[in-house]
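What follows is a group of structures, each given as C-alpha cells.
Next come two complexes, and both contain chain A; in the first it sits with chain B, in the second with chain C.
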Partner chain A sequence: MATSAVMSEVEETLQRIKSHKGVEGIIIMTQEGSILQSTLTEEQSKQHGALISSLTEKASLMISTLDPDDKLSFLRVRSQKKEIMIAPDNDFLMMVIQNPNVVE
Partner chain B sequence: MSSELKAQRAKALEEKRKKLEEMRARRNQRSAGTKTSVSAVSASKSGNLDEYIDGLLNSAPPIAPIEPVVAAPVAPSTPVSTAPTTPSKKVSKIDLMNEKTVSFAPTTTTTAEPSPAVKQVETFTISTQTDDLDFPMEESQHSEESNQEIAPTIEMSMEQEETKDEEPTLLSEDQVQEKIASTSFSNFFISASKKVERLLGAPLLQDLLVDDTIYYNDQESKRDASTSTETKDSFISAQVRFSCEKWTKERDVTSLDWSPHHRGEVLLASYGSSSSSANSTAVKNLNHNTNSASLSRSKTEMTGADGLAILWNLTMPSRPEHVFTCGSPVLNAKFHPSEGSLVVGACYSGQMVVWDVRSGRLPVQRSLWNLLGGTSSSKSHVHPIVGLEGLDSGFVSAASDGTVNFWSLANLMEPAETVVVPGANFSSLTVAPESNTLLLGDENGSIHAVLPSTSGGSRSSKRSIVKIYDSEKDTESLGHYGNVTGLATKPALKTDKDNNTVAISKGFARGAHGLVLSCGVDWTTKLWAPAYSEKPLLNLLSHSYDYMSDVQWSPVHPSVFATASSNGTLGLWNLATSLDEPITGLQGLLLDKNDSNMDEPSHGVNRIKWSRDGRRIAAACSDTVYVLGMSDELWKPKGNEGAKVMNALRGRGLIEAEE
Partner chain C sequence: MATSAVMSEVEETLQRIKSHKGVEGIIIMTQEGSILQSTLTEEQSKQHGALISSLTEKASLMISTLDPDDKLSFLRVRSQKKEIMIAPDNDFLMMVIQNPNVVE
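Right, the complex of A and B next:
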C-alpha cells in the first residue's frame, strides 16, 4: 500500500516535471547504474545512464578532492542543443534532459 | 643438497631481512614527515616505487612471522600457487586500509597512466617470491584468513567496476518497487525533484521579476496564455497561478505573506479548513461559519489536520515547497522576521504555532493554551486570532473576543503583554509602523486604536485605547456599517537618519504617510487620516458592488493601493491620479475566471499582499493564489505623489491646511 502511494507520488512528480517546456526525458537511477524510472526508450536510457553516472562520479570526486567536507549536490550541463540537469544523492541520481531553445 | 639449499635460503633471507629493515626505517622517516602519505602514494609514479612498496609492506601483516620460521621446510609447489595471488590481495588490502587510495587508484591507473600499476605489481611479485618460498603453514593460514576478510570486498569492487563498464541495467519490476519504497529513495526524490523543478521554473521567475511593460505590450499576442486579457490589464505584466489540488482544494486562503529572506522568491499562504461549498464567501471572517454545516471530509491525505500553511516558491506553481499542518485552521501566517526557516501561524483555536522547515510538517512549538483557565492564569487567546502583525520587538495578535496580545520573539509560548478592549469583537488588525499604534477593526464596523505607552517606552504602563470611530454612537454614519474586513497602514518610511522624524499626532503620522485605508462588508473602502480627523475622508465605492475583503497600500508607491472584492475582482488605485476611481477602471481586474463563462468570476478574492518591493502582488481567490507582476507605473513613484494626494485632500477641504 505504502509502495503504491509512493509510486503514484513518483509518477505524479515525473509527470509534472515532464510537463515543463522543453523537457525531453527523465531518468532516475541508482548510483550503481541500475535504472529505476525512465521516460526514454530502453536503449537511450542505457546510453545516457552509463555516461551520466561516470560523469557524475568524476564531478563528485573533483568536489570531494578539493574539499573533503564538501559534496556534489547538483550538476548542470549546457550544450548548444540541450541542458542536462543531474541531481545526485548518496544512493540515487535524477537526470532531466531539457531543450531550452524550445519556443512555446 | 638439502643443507646447501638451506644455506642458500638462509642467505637470501638474511638479505631480505636487511632490506626490510632498511625499508622500515625509511618508512618511519617518511610517515613522521608526511602524515598525508595518501597523496604521496597515489602521486608516486615509477620514480617513487620504493615508497609505494613501503606502503604495501607497511600494511601487510604477514611480514612479522617471517623470522621465527626461517628453516621450516616447505613444499616447493605451494609458493608457486600462492605467489601470483598474494600481491593482488595485498594491494587490495592496502586499498581497503586507505580509502583515499581506493578512490584515486582506479582513476589514475585506468585512465591516464596504466604503466605504474603494472610495474608495481611486477616488482612486488619478484621481491616477495623469496619470502613466500619459505612461508610456513602458519603464514598460509594467515593469508587464508585475510583472504576471507578481503574476499567479499574484492567481489564488491569487482562488481562495481563491472557495472561501471557495462551498460546500466534495467531492474525488474519488483526490484524497482523495493528501491522506490525505501526511505532513502523518497528523501532523495523529494530533494532532487525540487531542485530540478526549481531550475525548470526559473523562466517563470524571470517573467514575474523582470518587469518590462513595453516588452509585454509588444508581445501581447504571444503571451495571452499567461497574461489574462486585453488592454485593461496593462498594469499587470504577468500572472501565475499557484495551487496544488491535493492540498489546497476547497481550502480558502486566509492570509498571505512574502518572505523577507529569499529575495522575494518565496510566498507563504495559510489555508483554512476545507469547505464543500463551491462558492465560498470571500470574507475571511465569515467563511468559517460554513464549516459546521460542511459534512464532506477533505479528500486529502490529512486526517484531523485542519490547519494548513504552504510555502510557495515562485518557480514552482504546482508544487508547494513546504507544507505545514496543524490541528486548527490557520487564520494568519507570517515569516519569522529574523529566522529564515521559521514560520509563525495563528489558529482559529487561539493558539500560536511555530513551524520549522527543517523539521517537517507539524509545528515545532505551540503556545500554551488553556481553555478552562480564566484571563488571570492564561493570557493566551481562546478565540480565533483574526490578526497577526509584526512589530519591532515581536508580534502582535488580535482575537475576535477583543483581546490583543503582544509576543516577544524570544518566547512565542506565552504573550508578553495583553490588552483587552471590553465589548469589542475584532475582525482585522494593522499596525502604524512609525508609532506602533495598533488599529483594530470591529465586527460592528467600529475602528479602535491602541496607542503605545508614552512613558519612555516602559512596558508596565498601560496602553491607551481610543475608539476612532464608533458605529453605534456615530449617527452620521460615515464609517463602516458592518464588519471591517481589512485595514491598511503604510509601511515604515525608509528615511535616512538626518531626515527629521515623522511628526506624530494622536498616535499617527501626519502627512500622506499617515493615511489609513479600511474596507468592509458594506461594499466600501474608506480613506482615513487619523492624525487629522476621526471621520473618514473618502468613501470609495467602485469596481465592486459586493463585500470588500482586503485593502493594501503599495509598499513603495505613496499613492497606490489595491483593493480586493468578493466579486472576484482586484482594484488598483492611484490617489494622485484620481481620488474617486481606480486606475484599473470601473470593472476591476477579474482574476479567477470561470471555465464556462469567461466574464463570470468563479471565486471572490480573499486576500491580497504586495511583495516587499511592490513589483508583484499576491492575490488569493478561494483556494488559489495568483501572483501578478506589476507594471513599473505602479512601483516607480515620480517622487511627489504623497504631497499631491495631500494637496488634493486639502483642496477638497477634507483636512485642514497645515499651519
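Right, the complex of A and C next:
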C-alpha cells in the first residue's frame, strides 16, 4: 500500500488540478482498472474508468504495433462538450475530464 | 466521385500540411476505412489506416456512451517517438503523423 506521505501528495495533486476552472473530474486508477482516487461519484468513476482504460489499452497496442520500440505517453480525446486527458504510467493511469469551453 | 476541383483542393491541403517540419505522413480515408489519399506507402497506409480508424471508432463510441448528445471531434495520441492527430468528420477521417521532437 502507498505510504500516507505518498497518499497525501496524491491528494494534494488532485485538489490542485481540481481547482483549475473547467475541470469536471479526475480519476487515478491502476492499469488493471481499479479506481484508487476519484473526484467523481462511484458510478461515474466505474463507467469512465472502464471505458477510458479500455481505450488507453487499445491506443497503447496501436503504438507498439506501429513501432515495438515506441510507447504511448499521452492521449487527448476532444469532443464537442468535453476534453478527456489521459496520462498512462507504468502502473497507474490518470485521467482529467474538463470542459474546454470554460477553461481559463 | 469528388469533382476535380475538390480533389485538387484536397491535394493542395495535403501538400501544405506535408510541408510542415516534422510531418511524417498524412492519410485521408473514409469512415469505413478505405484510403482516399495518403503520403505513406500503400502498406504503411493500410496498417496505419486500419489501426487508427479502429481506435477512432472506439473513442467515438466512448464519447457517445458517456453522453449520447456529445460527439468526438479530435483525437491526439502522443507516444515517445511520434504524435498522431486524428480529425474525424461525418464521412471522412484525416490523420497526421508527426515527429513532435522536430516541430518548428
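In the analysis below, the second predicted complex is superposed on the first by the 100 of 104 C-alpha atoms of A that agree within 3 Å, B and C clash if a C-alpha of one lies under 4 Å from a C-alpha of the other, contacts with A are read in each partner's own complex, and residues count from 1 in each chain.
Just so we're on the same page, a contact is a pair of C-beta atoms (placed from the backbone, for glycine too) under 8 Å apart; a residue touches a chain by one contact, two chains touch by 3 or more.
As the structure is a computational prediction, the values presented were derived from the model and not from experiment.
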- Query: Given the touch rule stated above, what does A:Arg16 touch, chain B (first), chain C (second), both, or neither?
  - Reply: first
- Message: Quick check for you: in the superposed arrangement, does A:Gln47 touch first (chain B), second (chain C), both or neither?
- Response: both
- Name the chain, either chain B or chain C, that contacts more residues of chain A. B
- Message: Looking at A:Asp67, would you say it contacts chain B, chain C, both, or neither? Reply first, second, both or neither.
- Response: second
- Should A:Val6 be classified as contacting the first partner (chain B), the second (chain C), both, or neither? first
- Message: Quick check on the superposed pair: does A:Arg76 touch chain B, chain C, both, or neither? Answer first, second, both or neither.
- Response: both
- Answer with first, second, both or neither: which of chain B and chain C does A:Ala59 touch in the superposed model? second
- Query: Shared contact residues on chain A for chain B and chain C?
  - Reply: 47, 54, 58, 73-74, 76
- Note on the structure: Contacts from chain B onto chain A in the complex sit at residues 103, 107, 160, 163-164, 166-171, 175-177, 179-181, 184-189, 191-193, 195-197, 199-201, 203, 222, 225, 318-319
- Touching chain B in the complex: which residues of chain A? 2-3, 6-7, 10, 13, 16-17, 20-21, 23, 28-30, 32-37, 42, 45-47, 49-50, 53-54, 57-58, 61, 73-74, 76, 85, 87-94, 96, 98, 104
- Query: In the complex of these two chains, what residues of chain C are touching chain A?
  - Reply: 47-48, 51-52, 54-55, 58-59, 62-63, 65-67, 69-82
